[in-house]
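Both complexes shown next keep chain A, but they swap its partner, so chain B is in the first and chain C is in the second.
Moving on, here comes the complex of A and B:
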């Protein structure tokens, strides 16, 4: 019954946010294009024959970076910036006195944006295959489904991390500056610039204990068909969600006590 | 017997405020050693509000009216004291409590800017667990009461301020709350839009017996909606009672302009013992105490040849203005 009600709320939120996102389709196309950093990295790797050092073929490497692009398209999160702005402008106040946690709104906003991005991401992939026909492959259905699940889990981890940071707005008005600190490990350790397998062994063992490689590296390797520990990766993703969710709930509950409703 | 729906006892709220001296030296000092002090903005106030009452909160800017409303609706935590609204502790924000209240802040909006208001209405309806049929029924009823129709389908960004405010009201009332917290709801609206909004609130209160707590700097909002006012001065209550009683106390006399048929009659009236404010030819302005207006007018009409007379009420803003700068009004 409760889950039915929540689903109905989320579904309506999703529909409304999707209509809202369609108002910004040009911006979304530009955002999708702006996410092509993995293709630049692919170029750097192949032009310098760096893949030889980690025994990955050109084809597998290009598939990896294409999948990294896809995973990034469907797991990118900006909730800290939205919440910070809404908090400073006093827009959070009406949401706080509604019987739905305001983060559901942001959650729906992100999902709606991902749906809007999808066709643009496909177009970019189409052009990628035109220039790299040797990279074309069809993943089997099981792997494809697991990759979708893994990408969604990656999105959840990033959403929870940023939501925790966003809640710091209750103590400091500029929580986004803390997010910028997190951006550095996210960039280097997530697999966006280089597959984690390319790091030295002793660094890798530490990296795998953090949530970062499960944001892009694991789902991208899974989808591209590279060798990866599927069950281990999924367990780690779920584990991080179980660690982050109670932390978010605690910080949210403490933070709202500190809320001063400034700007409203 | 009408029940108390809001019960506030010894309520206080303090905020930590950081201060900075001007100039580069002040900035550097502020960077390394931030000085904060606790500022008590609400100082141990107590009051009760009965179900169905419309109460106006009056006070100068920064007096603490909005902070009181924010605590009543559970938006901010009180530092000391207790609040009970519909039997709930507001700051716990229980679902049933949230479904029974609404907060409307003038110029602050919850409608989605790029979409028509109808989308926000259906969204709110699902947040408050209303099914589509019920939501449709309520949107129809409220839009008729608010006299909005085509506006429901035009993107919010293209609506005028008055149309937006009406839509905001509809969005905030779709769950039919029985307690309304209104923080300057007519701010920025033109005279007609203000009047329509007041008419709507009166009607809503009459039809649903909803309790309304209102702050406004427009005295017309207060005088046409509220029988009772709570005056807040520097975080404390300086007056809590009937508005009429306050006005009588603050303005015990009325000015009456009398136009006599001749200047001789005006001179006779001037010397008949009334308090005269001024006299110009055959026009004379006298001051009469509120409780003797009928008898005094009777005497004047019977004994003098009068062409016309006008009773001048003192401007309400001027009268209320006196309350906003005084600590205590004991009536």
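Moving on, here comes the complex of A and C:
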């Protein structure tokens, strides 16, 4: 009974958000294009033969960056910006009355956006293969499934982190600037611009304890067939979710007590 | 065009927007930390590239740092002027308040591109200058009058090109209403400006000098600093900057013909 209810809620939310997202196809296409930074980085790497020093062949590196692009496409999170706007406009108040945590709404929004984005990401990948035909490969089914799981886990980690930041909206009006601050280490340490293997030893010694390499580097390595510790990576991802989720619940319950219904 | 009137109006703009921005003092601090971290991150990335290779696209590490410095200054300028005003233009068009701007006895382009200012960008500009002075010392550049005028000319041309690019995209808001994602595309392309143009492959180099002249924005001023620049390149940059400025103006006037206000 309860599970049926939840199912219905989730399905309805997804359907509504998907049709909503379909209206903004052009925007989502543009957004997909804005994620092509990994390809520029790949260009620097291969054009200057920098990959020789880290023992990754051109082909494997180009696969890595393509996978990094894909993982990034399906783990982009912007909940803090939506929540900040809603909370400044006073839209959070009606959501709070509903018997459903408003973050489910945002969650469905993100999933729907990912579905809309999928064809565009495929088109970009298609062009990538036209320019780099030697990097075409077909990962086996098991690896593909595992990397989808780990990409989803990476998305969950980022969603939780951003939701925690979003909850700071209850205390300060501009939580998005904190998110912009957090985005910097995510950008440089997650492996979007350079694979974590290439990092100097003094960074590698501690980076695997932080959530960053599991956001893009780990799923991308998994999917592209580069060397990686599969079980270790998945365990760390799940561990981070277990750390972040209670934190989010705590800050949410504290925050809703502080809520002052701005703008209404 | 009455210059004195415009100066007086601009003083008022400065006063009002500074007053409103200084309300969020902690925000400015967070933005400063973000700017510092982002600079540290890009130097870190650069150091990965130079880990096992002395030259990238013919640039030494110390020389490539100049590009970072100029990028940081230009990014600071973007964050101080272009970005906050663009946000305003989108709002004006969505809510139809552009009507009020157009009715004012003042040039509309002047009004909407200079109305707002975000003081936290100043800190980034200063940060960029600090790095630039440091680079001048480690590269043993001797300052003389010709060099100073040339670098001043090229940097102001870069600012003009950058402004035109931003303004072009903001102008398209009149047709598309929501242009956030187009901005993200521009931002991700601008990211290329952090690296010397010669480190990219030939096709990308052509793309970034012909279609989106990002190459001109940071590489040419840096070449001037190093005394590597050829006269025709500087001349070309001046011409490109003038073409861009004139066209951004024309495009704005053209777009205004299609403006049909909102919900009225």
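Quick note on the criterion: the second predicted complex is superposed on the first by the 262 of 264 C-alpha atoms of A that agree within 3 Å, B and C clash if a C-alpha of one lies under 4 Å from a C-alpha of the other, contacts with A are read in each partner's own complex, and residues count from 1 in each chain.
Just so it is clear, a contact is a pair of C-beta atoms (placed from the backbone, for glycine too) under 8 Å apart; a residue touches a chain by one contact, two chains touch by 3 or more.
All of these numbers come straight from a predicted model, not from anything done at the bench.
In the superposition on chain A, A:174 makes contact with chain C only, while chain B stays out of contact range.
Counting the residues of chain A that each partner touches, chain B and chain C differ, and the larger count belongs to C.
With both structures placed on the common chain, the touch criterion links A:98 to chain B but leaves chain C unconnected. By the touch criterion defined above, A:90 lies against chain B but remains apart from chain C after alignment on the C-alpha atoms of chain A.
By the touch criterion stated above, A:184 is placed in contact with chain C alone, chain B being left untouched. Of the two partner chains placed by the overlay, only chain C lies in contact with A:199; chain B stays clear of it.
In the superposition on chain A, A:23 makes contact with chain B only, while chain C stays out of contact range.
When both complexes are overlaid on chain A, the residue A:12 reaches chain B alone and has no touch with chain C. Overlap of the chain B and chain C interfaces on chain A comprises residues 24. Chain contact summary for the complex, chain A toward chain B: residues 5, 8-9, 11-13, 16, 19-20, 23-24, 90-91, 93-100, 256-261, 264. Taken in their complex, chain B has these residues touching chain A: 15, 70, 73-77, 91, 93, 95, 98-99, 101-103, 105, 108, 110, 112, 114-115, 119-120, 122-124, 126-129, 172.
The touching residues of chain C, counted against chain A in their complex, run 24, 26-27, 30-31, 33-34, 37-38, 41-42, 44-45, 47-49, 51-53, 56-57, 176, 178, 180-182, 184-185, 187-188, 191-192, 195, 199-201, 204. Of all residues in chain A, only 24, 26-28, 30-31, 33-37, 40, 43-44, 46-50, 52-53, 172-174, 177-178, 180-181, 184-185, 187-188, 193-194, 198-200, 203 touch chain C in the complex they form.
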